[in-house]
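By written order: A, B, C and D. Residues from 1 in each chain.
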Amino acid sequence: MTGAPVTTAASPPAQPPAPPTPAAPPVVEQPRPRPSETGVWIAIAAISMTFAALTSAMVVRGSAAADWRHFRLPPILYLNTAVLLASSAVLEAGRRRVAGHLVWVTLGLGLVFVAGQIVAWRQLAAQGLFLATSPSSAFFYVFTALHGLHLLGGLGGLGYVLRRFDAAGPAPVPALGAAALYWHFMDVLWLCVLVLLVLRV
Amino acid sequence: MGKLFAVVVTIITVVSTAIFIAHTWWLPPDISAHGPAIDRQLSETMISSGVLFVLSQLALALFAWRFGDRKDGRRVKPFPGGATPMVVFAAVLVGAEILTLTLVGAKVWAGVFQTPSDPNSLQIDVQAEQFAFYFRYAGPDGRFGATHPELINEASENFFGLDPARDTSARDDIVVPTLTIPLNRPIALTLRAKDVNHAFYVPELRIQQDFVPGLTIPLHFTATQTGRYEIVCTQLCGLGHYNMRAYIEVLPQAQFDQWLKDKAAQQ
Amino acid sequence: MTHATVAGAHGHAPPQGFLRKHVFSLDHKVIGKQYLDLALVAVCTGMVLSWLMRFHLAWPETPIPGLAKLSPNGAAGGVITPEYYLSLMTMHGTIMVFFVLTTAPFAGFGNYFLPIQVGAEDMAFPRINMMSFWVTLVAFLVLISAFVVGDGPPLSGWTAYAPLSAVGKDAGPGQGVGQTLWAVSITLFCVAQLLGALNFVTTTLDLRTKGMSLARMPYSTWAWFITSVIGLIAFAVLMPACILLILDRVAGTSFFIPAGLVISDRLQPHAGGSPLLWQHLFWFFGHPEVYIAILPGFGIISHILPVFARKPLLGPRVLIACLIAIAFLSYTVWGHHMFLSGMNPFSATLFSVPTLVITIPATIVTLLWIGTIYGARLRFTTPALFCLGFVSVFVSGGISGFFLAQPSIDTYLHGTYFVVGHFHFVMGVAAMFGIFAATYFWAPKMFGRMMNETLGKWHFWLTFIGVYCVFMPMHYLGLAGNVRRYSAFTDDYLKPLIPLHRFITIAALCTGAAQLIFLFNLIRSRFRGPQAPDNPWEATSLEWSTTSPPPFDNFGGRPPVVERGPNEYGIASGARGMDYAMQAAAAPVSAR
Amino acid sequence: MTLPPAFFRRDAPMRTHSVLLPATVLLLGGPMLIRSDVVGAPAPGGTITGKVTYTGTPPKMKPIDMAKEPACAQAHAAAPVMTENVVTGPGNTLEWVVVYISAGDQGAAPATEPVRYDQKNCQYIPHVAAMDVNEALDVYNNDPHSHNIHPLARVNPEWNKSQPKGAPPIHTTWEKPEFIPVKCNIHPWMHGWFAVLTTPHFAVTGDNGTFTLAGLPPGKYTVTAWHEQFGTQSQDVTVTGSETKPVSFVFKATPY
């Protein structure tokens, strides 16, 4: 179809998106399927492959030597999970009603989650568990860091959508849909990482 | 132009195949018990894939020769039967070839790498380090001393990090840079790397196995001819990789026992 | 079936100003050309490195003039030292595999022609597309900076096996800053290719024009689509592996370094890592990577061969099925690189089966090409010659794969020049012939000017004969047990092979010189080649139903409507007596 | 295109003043600089001589098997080379002991003529090379194959260079005092030492275990003896006129 409908910088998987250009020209509504959503589905495939590789590395490294030091996960992680799930619920509501203010709330909750993760890192460091202390803490930091990085990409995507709200013209429904899909994947990914860490670390 | 291409491809095919058949550059004569099986497997593969190679190159050359555009307005002809003969040829013929190669090959491979070593084989501990092999024999007491990486001191020839002061079984271990083995007796090597990846490769013995730091990898073979052959490293291990060579000496049993006694005396 | 909407405003307005138009451009065509220029610089660097290596192998003690000034540390007095040879080899391998064989056929031609061939105006996400080029460029500069920093480039090969690559400065010269730069450069490259692949897949799935169903897509588009699917998964595994390697080198973790290693008389402060973990992660990416390098070549040959055979490609559906089968199988075979690496011998048997099975789709594809040439009316233009050369060279390279796929024979041939001959034939030469064929075929469309045919033919004949003289003897060296990655041949059984190495070196230098003809032809034709018509080769796919070079939005505001597949050659009922029918229905073929 | 730091310091044209400095020093303090073991002009001031011996049973030296490098194996076929970490002479004397003035040296001018370090038949000659800080060190490879010199310096910057057959000698210096073990990565049995000292007054004991430190202006000195395996010992000596003070060191040897 001509006139690539919405040239969104749907939040790319691995890095915060390129600086969005100034107000793009008004666009025509785009029938299914939307490229930005397909792009996010493909990004999801790539990211899960990355985390699958890391999971297999963790399992192999766990059995490679007996120096795997189990430690208790800082409880704040479970609070962070709740915050992330809440942000997803708010975003889903925002998507259905195409309401910009709800997306702002999601952005805020996302930042709270990131802050919570950093607090968890600090607590772990306080216990003397640093990156190089033992393979288990190394994998904990690698998993949470990579997830956090991709979450920042998601925050960038939400920021882009919010700016599209302020711009004149019809609401950016496709971009919102794609960003919401990516954000929900962030939840699923975090849940998998959390379960993995609880089981192995 | 098509004819020139056909001629060039044919010449290349004929020359390459001739050199393969003439064995101008070929494997050195085999001196190990399991070697002939590998040589048979190699020549079987050489024949079957050689035929496939010559057929497809000559077909390409023939078609390039005949089907140039001669402006005589003749219509293009599809390949008789379309794509199915290609699929059938590939699936059946190449498939059958693959099946035989895999079945036979698996047995040959299992014979060398998946069977446990013969219980009464001569145990030798091999250490590969940045850019030399060192071999350790258990010595008269028949027991290997423990190795301590922190005690390794090359200046005093303590390559394995033995601790003769406290560890009595280490005192009589014999450490030599040349692998000396008896004829027609199974040899069981344990390969250990001191620093990075290395490999143990003796072309005449048709045997090759990587050293992996952190692992002790078993390797067993039996030499069936006396002589002095070269052990080389085939896994990139740093700047001296090209010069990481040792010799393997296959001696008759009597000569080997005498050599072992002399070395034990020197300890 | 997607259907076109009214021709809305183009995704992004045509650029004004030099910067927007030529440097930071969102246009997939400019980005495609930028990738190709990067690959051109990379292949020239890689070629020079291979000359130095070959010259050193043949005449180790002869000083190379000018090299002492260029690298006083690596080649004092012009004589290459062993560690400098290994770093030349490492950089040659890394530059050629990543920045030439993945960048040119996949990112370069793919970016330029995929949107046009599916009838889209640009990639789905132009900004991400631009970013992925600039990240690739940064990755290349980071890699090249290893030459001038610290104690030289890394020397652990393009495979960078741990712990040689993971321990740091103690492992030898070049393993300090140089190896970290290598790992950072490859991580950046993975990020760039992931974004690129994401763009390719989305554009192919969503932005196809009216009538362009999946079945009607040209075979080069199919190849780029399948290659990007492989790339999505392969690069997504190499990236974390490189991150873990960087952490091992910089942050003191021990993912790949076991306990008790004494390197340069120092006990390394690591414990518990597994070197085999790196090999598994690397080769899980490594083998799909070689298919990322060759599948675009398959697509390009399947796209170009019918044009010059004036005959439809034999069994296109079978071809696409084989490409998909190869893509799937490529993830099950990585263990054949590790038969002797200390992994469990039983898994060697396990990995040898899919490795041999993957030769069936490869054989079918080759036979389809040969079947297409049967009964054709071949026009021997330069791209056609390179297609024929591709088929011949791919057959030679593929056949030697039979030997290495079997563990029992690999016991003898692993790590010898037989392997070097095998992968150079398949990747170093066949993929390059794919790139040459694509360049000669698409240069009129990309630059609006024809390339010189005579120079092209000289380039083909010298290269075709040259590569056989360079790489076929490597198989004989391999059979004689000549170990690869050796900087000098001091072993007694290797000394008699030195004359063969001298022959290979002379052939390599001549073949290298022949590439200057291509370079001269490429650059001269950009400025002084004859004006190219819209469809110089009388081909059918969409890129030939627009002007050369195509306007900013590819079809000048009139998106094509596709009526038939790309395989309509040698038909009797062509319009105006032509023996082919364009894919785009009644598109105004401008008379120019 | 690797431009090591040495490139800038050594022959970079713009660093002319670094060439003038030694020339002036040579002109001014010429006679002072002649080191004790150089036979020739009698140096003014006192001298310290003595002998280094050991007690206990030293470890047995093992013959080095150079099978890996045929050229060197043939060279030593007649008399196999022994390991050199504890070399003993007649009368319990100890060889390769570096004896030097560790304190009380009134700012003597640095020694300047280059120390020559040879690699011959896969052996480092001399086994221990003593030199002053910033003194020129030239490493030669006169074997028909390449060697790789890897000084395992911790205080000084560590480097690791190959020297193929026929390659030019490596010119380098060491800036800080340190006892640097040297190994050849390609031939693991090749080991040597660079003793980088902050005084021009030093001597390495020969096979008779004797040393002489000449040309010492009167004053209180601390003389230190260093051995690669048995450690270091120091003694205080005061030199008054130009007489010779006897000093001797005894190391405790352990068999393993």
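Simple rule for what comes next: contacts are C-beta pairs under 8 Å (C-beta built on N, C-alpha and C of every residue); 3 or more make two chains touch, one makes a residue touch a chain.
In this text, all values refer to a predicted model and were calculated from it rather than measured experimentally.
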- Query: Which chain lies the greatest distance away from chain C when centres are computed from Cα atoms alone?
  - Reply: D
- Out of every possible chain pairing, name the one holding the most C-beta contact pairs. B-C
- Query: Whole-Å distance, chain A centre to chain C centre, using C-alpha means?
  - Reply: 33
- In whole angstrom, how far does the Cα centroid of chain B sit from the Cα centroid of chain C? 30
- Task: Please compute the C-alpha centroid of chain C, do the same for chain D, then give the distance between them in whole Å.
- Result: 54
- Item | For chain A paired with chain D, centre-to-centre distance based on mean C-alpha positions, whole Å | 62
- Item | Where chain B touches two or more other chains at once, by residue number | 129-130, 154, 214, 238-240, 243, 245
- Query: By residue number and range, which residues of chain D touch two or more other chains?
  - Reply: 145-146, 148, 162, 181, 183, 185
- Note on the structure: Contacts with two or more other chains occur in chain A at residues 64-65
- Message: Residue numbers of chain C touching chain B in their complex, please.
- Response: 81-83, 86, 155-157, 159, 161, 163-164, 167, 171-173, 257-265, 267, 273-276, 309-312, 314-315, 317-318, 340-342, 345-346, 348-349, 352-353, 356-357, 359-361, 363-364, 366-368, 370-380, 385, 388, 391-392, 395-396, 399-400, 402-403, 406-409, 411-412, 414-416, 457, 461, 464-465, 468, 472, 475-477, 479-481, 483-493, 497, 500, 569-570, 572
- State the interface residues of chain D toward chain C in the complex, per the touch definition above. 1-4, 7, 145-146, 148, 150, 152, 158-168, 170, 181, 183, 185
- Write out the stretch or stretches of chain D touching chain B in their complex. 59, 62-69, 83-85, 145-146, 148, 162, 181, 183, 185-189, 191, 228-229, 256
- Would you tell me which residues of chain C are touching chain D in their complex? 60-61, 70-74, 76-77, 79-84, 147-152, 169, 172-173, 264-266, 488, 490
- In their shared complex, at which residues does chain A touch chain C? 1-5, 7-10, 12-15, 17-18, 20-21, 24-28, 30-31, 33-36, 38-39, 42-43, 45-47, 49-50, 53-54, 57, 60-61, 64-67, 131-132, 135, 138, 142, 146
